[in-house]
Amino acid sequence: MEQVTGQGQASFARAPGLLLLGGAIVLAYILLAILAGSVSGYDPDIIDLNQLLQPPSALHWFGTDHLGRDVFSRVIHGARIDLYIGFAGVIAPLLIGTLVGLVSGFFGGPLDALMMRLVDLTVAFPFFVLVLAIVAALGPGVESYFIALACVGWVTYARIIRAEVLVIRSRDYIAAARTLGLHPLYILIRHVLPNAISPVAVYVMTDIALIIVFGASLGFLGMGSQPPTAEWGVMIADGQTYISSAWWICFFPGVAIVLLGLGFSFLGDGLASLLRAGR
Amino acid sequence: MGLFQLLIRRCLQLVPILIGISIVVFALVRLTPGDPARLLVGPRVAEEVLVEIRQRYGLDQPLPIQYARYVGQLIIGDLGHSFRYKIPVSQLIFNHLPPTLFLVCYAIVLTLIPTLILATVAARRQGQWPDHVIRVIGVAGMTMPVFWLGIMMSRLFGVSLGWFPVSGYGEGFVDHLHHLFLPAVSTAIWVTPILVRNLRSALLEEMDSDYVLAARSKGLPEGYIFRRHILGNSLLPTLHLLGVLVAYLLGGTVIVETVYAVPGLGQLMINSVLARDYFVIQGLTLYFALATVLVTFAVDVATAAIDPRVKL
Amino acid sequence: TIRMATPYKATVLDPTKSAAAGEIELFGQLYARLLRRSADGKLEPGLAESWEVSDDGKKFVFRLREAKFSDGSPLTAADVAFSLSRALGEGSAYPAPFSAIESVEAEDERTVVVNLKAPAAPFLGYMEIFNAGIVSKADVEARGPEKAFTENPVTSGPFMVKEWKPNDRLILERNPHYWRTGHPKVDQVALIEVADTNTRIAMLQGGEIDVARDAPFAQVGELDASDKIDVPLHPSTVIYMTLLNHGRAPFNDIRVRQAAAHALDVSALTKAVTHGHATPANTTLPEALLFHHKDYPGISQDVAKAKALLAEAGAPQGEAVIMVTAGSVLSEQLAVLIQAQWAAVGLKSKIEKVDVGLWWDRLTTGDYDAAPSWWYNETEDPDLAARWALCGACGNKSFYTNYNNETVNQLTEQALNEIDPEKRKALYIRMQEISTEEVSQIPLYYPPYTNAYSTRVKGLMLSPALQWNFEDAEIVE
Amino acid sequence: MTQARRQGSKEPILSVTSLNVDFATAGGLVRAVEGVSLDLHLGEVLGIVGESGSGKSVTCRAITRLLPLSARVSGRILLEGDDILALDENDMRGIRGEKIAMIFQNPSTHLDPLMRIGRQIGEGLRFRLGRNARQARQEAIGLLADVRISEPERRVDSYPHELSGGMKQRAMIAGALACQPRILIADEPTTALDVTVQSAILDLLRDIRHGRDLAMILVSHDLAVIAQMCDRILVMKDGRVVESGEAEEVVQRPQAAYTRILIDSQPEIMARRRSGAGHRAPLRAERPGEAMFRIENLTVEFSGRGGLLSGLLGTAAPATRAVTDLSLEIGHGETLGIVGESGSGKTTLARCLVKLVLPTAGRIWFCGHPICTMSRRDTVDYRRRVQMVFQNPYESLDPRMSAAQAIAEPLLRHRIAKGGAVGHRVRELMGMVELPVSLATRRPRQLSGGQCQRVAIARALAMEPQVLVADEITSALDVTIQSQILGLLQNLRERMGLTIILISHDLGVVRTFCHRAAVMQGGRLVETGAVEDLFGRPGQDYTRQLLAAIPRMPHTDLRGQSQSPPAAANP
């Protein structure tokens, strides 16, 4: 007697695996962030001008940077600020974008046209002007970054989810829900959203990683974290002049971001396959 | 309704938005601290000089009057002059447009094919090693800051191997291809993984749908089923994501342009913002709006072309 | 062709319309001046063959040599008078050097007379600086100042504009009518604007350019070690310092300022930031200027004293704001170091990174406590430097620090009119002593230029006062 | 001699031995098929009948190895001596399409929404038989004509969503027949077809079977169809085969108890036994005043879409008229049957009634209120009173909601039941439609066609509507459950005065269950009248054709029946 199971394995059997792996990685980071103080051994901001640019050693596992700070403890402490940036930065765009995409795609008509032109406008809006204005108004810092992101980042979510909704709304189960006299908003939340969310679930995890990286790229506008905060993106940016002489300054924060990105990637895919299996 | 009429309608819908965006941008840039006059002539100038410059450009007028003037100019098709360069904004934009356009198209070309291939492989080998390899490389590519990647690539392909120039735009098509290769690749390296992740997920979603089953029941080759049935149905969300990304890229890939010294719109924008070159910022904003509408329109047309259930 | 990548932008070609670094370096290539400096920094005849000074030092008579503009038209005294009047008159970006001038007259075709309000020691030197360049009166009047300087300006210097792509590059080609026959030796100079340091270095290493302006200190050693690249570390008039806002607490209190200065280990800090390539600063004026007070000990690190001073002043409330321009790596590093060393003596501070525009706004409105920054002087004479950085009555509140010491203000004016170099020296030394003692700013270090040159280029250098000698440089293959 | 006997000595082309199929579900492994064995010979038609949810579809899919990933299959399936379960995907692909083709039970989801149906039909031709695009298209048109789709040249370029339920089903059949398979597995291929088309399709299958020695497995709830078409019959219940044998034998002398019930509950038979109208409550005295529904000059058009290029050139395809100038009244408590050709606009009419499709012209009144101009609040109220069961129940259920959730939703949202009463009511409703409680947590994908259908019915009934618009509610149900559901509806009709609009292809059901019937063709109302009149003295040609095409249970010579060509020639 043989066992034959379609091709490959059942996708929902795999979902928890990916989710677990991704969750474990992200959780590990969260733990590191919480316990940063006791794990790292050095104060991340302590400057030691006698220990500039030391290569990795038993004393300094990841070496020291151009100001003699311990890269290992900076990487560890970086988890704190970077997780914060990632999560806090994604939340508003996610919520706003999802809402706009849902409503716009579902109700269509003039509302949709209006919303989509608003999306166009937002995409077209000069981001740097926005950033400057926000920084000028609120002062430099990560919070300004979040606000700038919230103003702009939702667009992507809105477009993605709207594309899904446009197809879903013509399905019979939505028609059926209508004939049940259910409130359109309820239909939107209960029937449309769960069926449209999976690309968003994947993108949001990508987005978190992008937000962390992008923050560093905006440093030149006074955006993102302020020195001397240990933040991976900034550490990499600072280290770029030392690429040939002190690779470790960029390398370890880079690895930290990649690993975290992987964690989120697993999480996103796991979530998506869970959603798939939920059908 | 013909496509062309639709496009016209889109552009008409754009008009109020343009007005809105121009007012907001106008107000924002002017309310943001930072004196264009000082940035224009260097730090060591005397206060009187600054006053004189502000007067000359009408910056001392109340905002509504300044705006009215600006709109008056716009109506006769004049985007104004750059404070810094004293040349028409339209000319400045026109000069910086080709590199950006070229770069974006180049990057898209370099993105699309790998995206399709990688997403396909990842989806079909879901959970197997090719999937994981693609994921790891993708995440690395995505999370690698562009400025860092730029340095590495310049060093490797520009300095050590000498295969590609590390800066500039070049003269003539082939030269553009050569010069913009590294910038385009650097862009593709972070755009591709984003698209791959999304496409992969959508592919998986469609792969166990009933019509795929039906296609299998006809004994069609897997490759064909994939291309004709699964891909088309999965493409929409990714297409929209691509649309947004392209729209952003058309606004100038600031960092890539900076790292590879490509004289594109992104650089122009950031420099103008830093220098508070108001009219350039505003002119660029109008351009962005137009570019965005065109891209969105293209995506919407493509959506309707792919999916008959979606009406334009 | 000599190709140079520089972070400084060329935005205007009118010599009177800007005093920003990119233009300062450029104007000299386009517009010849009455005097010029030799390779060793001596003043020598330029467009003026010779000159005479009246005994009271208030009247200068310049004899012009036979010279032509790039369009072939003759360069006359009228052009000189026209140009100098523009430079000192309304609409000039930087009239300060010419403030002593009462009138400029063309006596005849060849003779220019300059009358001063009072004798001014640095005056001759000012006839050499970037905005004293001579432009064609006929052309400017014919085309109007906007057009004349955007489309193919008529130049008098070694080069003329071949192609200008604003915000990208400026290509200069040799001016066949330049008065120094045989110069320039190269046909073209391309000034390419490249904001990113690493890109400039990569371009140089990849052979795409011949000169990279401002290599990072971290890479100087490595670059110099390459046999294709030289980094000669020529002296500059640049000084890195920290501005302190005297206009508000805590730094309105001299004890806190002194504590802040004593808290810093300037030489360690210099070494860390510049990898030992710069000299720690001992006074408030740049080292490369005339009359720099070489032997002055400066304020040395003394943590105990700093703490004592702070205690005496009463511990400052809150955190001092250290404002830095975003994108300036060095300033940011300095800020971090300063913050740490201040913290060690109990002076709390936080760093705020803002973009250049905002930085200037906040600086001029006094919305900061400390601001690590840098400046340079366009001449080697300290007059303008003192007016800029030390004088509280010269229009910019001592670099917007609100430092205002009557004595220093008086000394500034006195030194301008004093002709005797020895006496001038004494005046400037006093000014340096007073201002350093009172911690008008905290001087940090005097960096050299870190321009990196391909070995293809011979004889090219940047003078301390930011003038290139492209006309003397050659390409050797 | 039947075909089977002629070939009896030969090896069967397909032989299934003790097939077991389990599904991994949230609640553990669920056995769907247990120990099923069957043999199929060339030129033979094997009928599978059985209770809804008894594993018919699963068995069929197991044979083509197209079960979902959560399925565990064991047993042996030999195709010409090769064990299919041991083949790899590549070899399997060689088998599918040419050797075994499958018609799925649920045509609408089995068609790619983005591909024109002509292409979908032609795909097999191009890849299996190497036709080029033009040839494939031509053949697709031919096939569409074979399955009686009118205007095949136009329809070949339609997208699935532009087709009616029956058209999709026929497109599906055409696609399966395209590559001239040796074995055809047809899972309820005619549920959405009206009797005329159905008989044409059955004729077509019969012709192919004779012409090409096709072996066929036919799953159907329609015993008459099975009896007409099949040589042998397999009766399934609860995943097991309860009886199998020669068709004649099984029909005439059913052995298993279940088979007997099955045959007995055949509505036609029932109707005959119960002297016509007995089953149907007489319509209560006409209530005075307004009719429940008054439809006046209803016209519905769907804008055509001729692809992007033609859109560009301004030559978009002409609009499709689904309903043309239709006027009709439906009284309180009345049961109106709507019958008619597939694609004649029945579903469109139904969708108009529940405000899912807005009429292009014409008006509809509900109890004197025009429904098209109702306010939002009135609409909610209206929808509480008028419920619809969709033609394709599977599509009408949210893929993420379990059966119980789907049924509970209206209860909760409209506060029809509260707290613990909800669960109770859900179970009650499931019981009413004969759904085992064990299916409560299943999602639509994990249910059989008939089970989905019943979930949809229960959901509609949960609203306690005054009007039920039922689009083909019986087609996916076996006769026993069918008669139970009809009994339930009748009960409701009698107790609560439920008005029912029943769209059905099953004229037997309409005749026994409805008071009045309306016949539609090409979007127009051809004829309406009391069923007795209509069925007894049809006034229109089309109605007569319909009646003539009703498949009947053979009572006498089965052999003669199955070999005589058109069923329409029957008395």
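Think of it as A, B, C and D in the order they're written, each chain with its own count starting at 1.
Operating definition for what follows: a contact is a pair of C-beta atoms (placed from the backbone, for glycine too) under 8 Å apart; a residue touches a chain by one contact, two chains touch by 3 or more.
Since we're looking at a predicted model, the values are computed, not measured.
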| item | value |
| --- | --- |
| Top chain pair, ranked by how many C-beta pairs fall in contact | A-B |
| Subunit A and subunit D, separation of their C-alpha mean positions in angstrom | 47 |
| Computed distance of Cα centres, subunit C from subunit B, in Å | 38 |
| Computed distance of Cα centres, subunit D from subunit B, in Å | 51 |
| Separation of mean Cα positions, subunit C and subunit A [Å, integer] | 44 |
| Multi-partner residues of subunit B (each touching 2 or more other chains) | 32-34, 147, 151, 155, 208, 307, 309 |
| Subunit D, residues touching no fewer than two other chains | 68-69, 89, 161 |
| Where subunit A touches two or more other chains at once, by residue number | 8-9, 11, 132, 136, 170, 240, 243-244 |
| Interchain contacts (touch definition) - all pairs | A-B, A-C, A-D, B-C, B-D |
| Complex contacts: residues of subunit B adjacent to subunit A | 13-14, 17, 20-21, 24-25, 28-29, 31-34, 126-127, 135-136, 138-140, 142-148, 151-152, 155, 190, 193-194, 197-198, 200-202, 204-205, 208, 236-241, 243-245, 247-248, 251, 254-255, 269-270, 273, 281, 284-285, 288-293, 296, 299, 303, 307, 309-310 |
| Touch list for subunit A against partner subunit C, complex | 45-47, 49, 52, 66-68, 132, 135-136, 139-140, 219-223, 226-228, 238, 240-245 |
| Subunit C contact footprint on subunit B (complex, rising order) | 32-36, 38-47, 49, 52, 82, 84-87, 92, 95-96, 147, 150-151, 154-155, 158-159, 162, 165-168, 258-261, 263, 267-268, 271, 274-276 |
| In the complex with subunit A, residue positions of subunit C that touch it | 197-198, 216, 218-219, 222, 265, 268-269, 271-272, 324, 326-327, 329, 332-333, 335-337, 339-340, 350-355, 357-358 |
| For the subunit D and subunit A complex, residues of the former touching the latter | 24, 65, 67-75, 85-86, 89, 161, 351, 354-356, 379-384, 386-388, 390, 392, 395-400, 409-410, 413-414, 443-445, 456, 459, 463 |
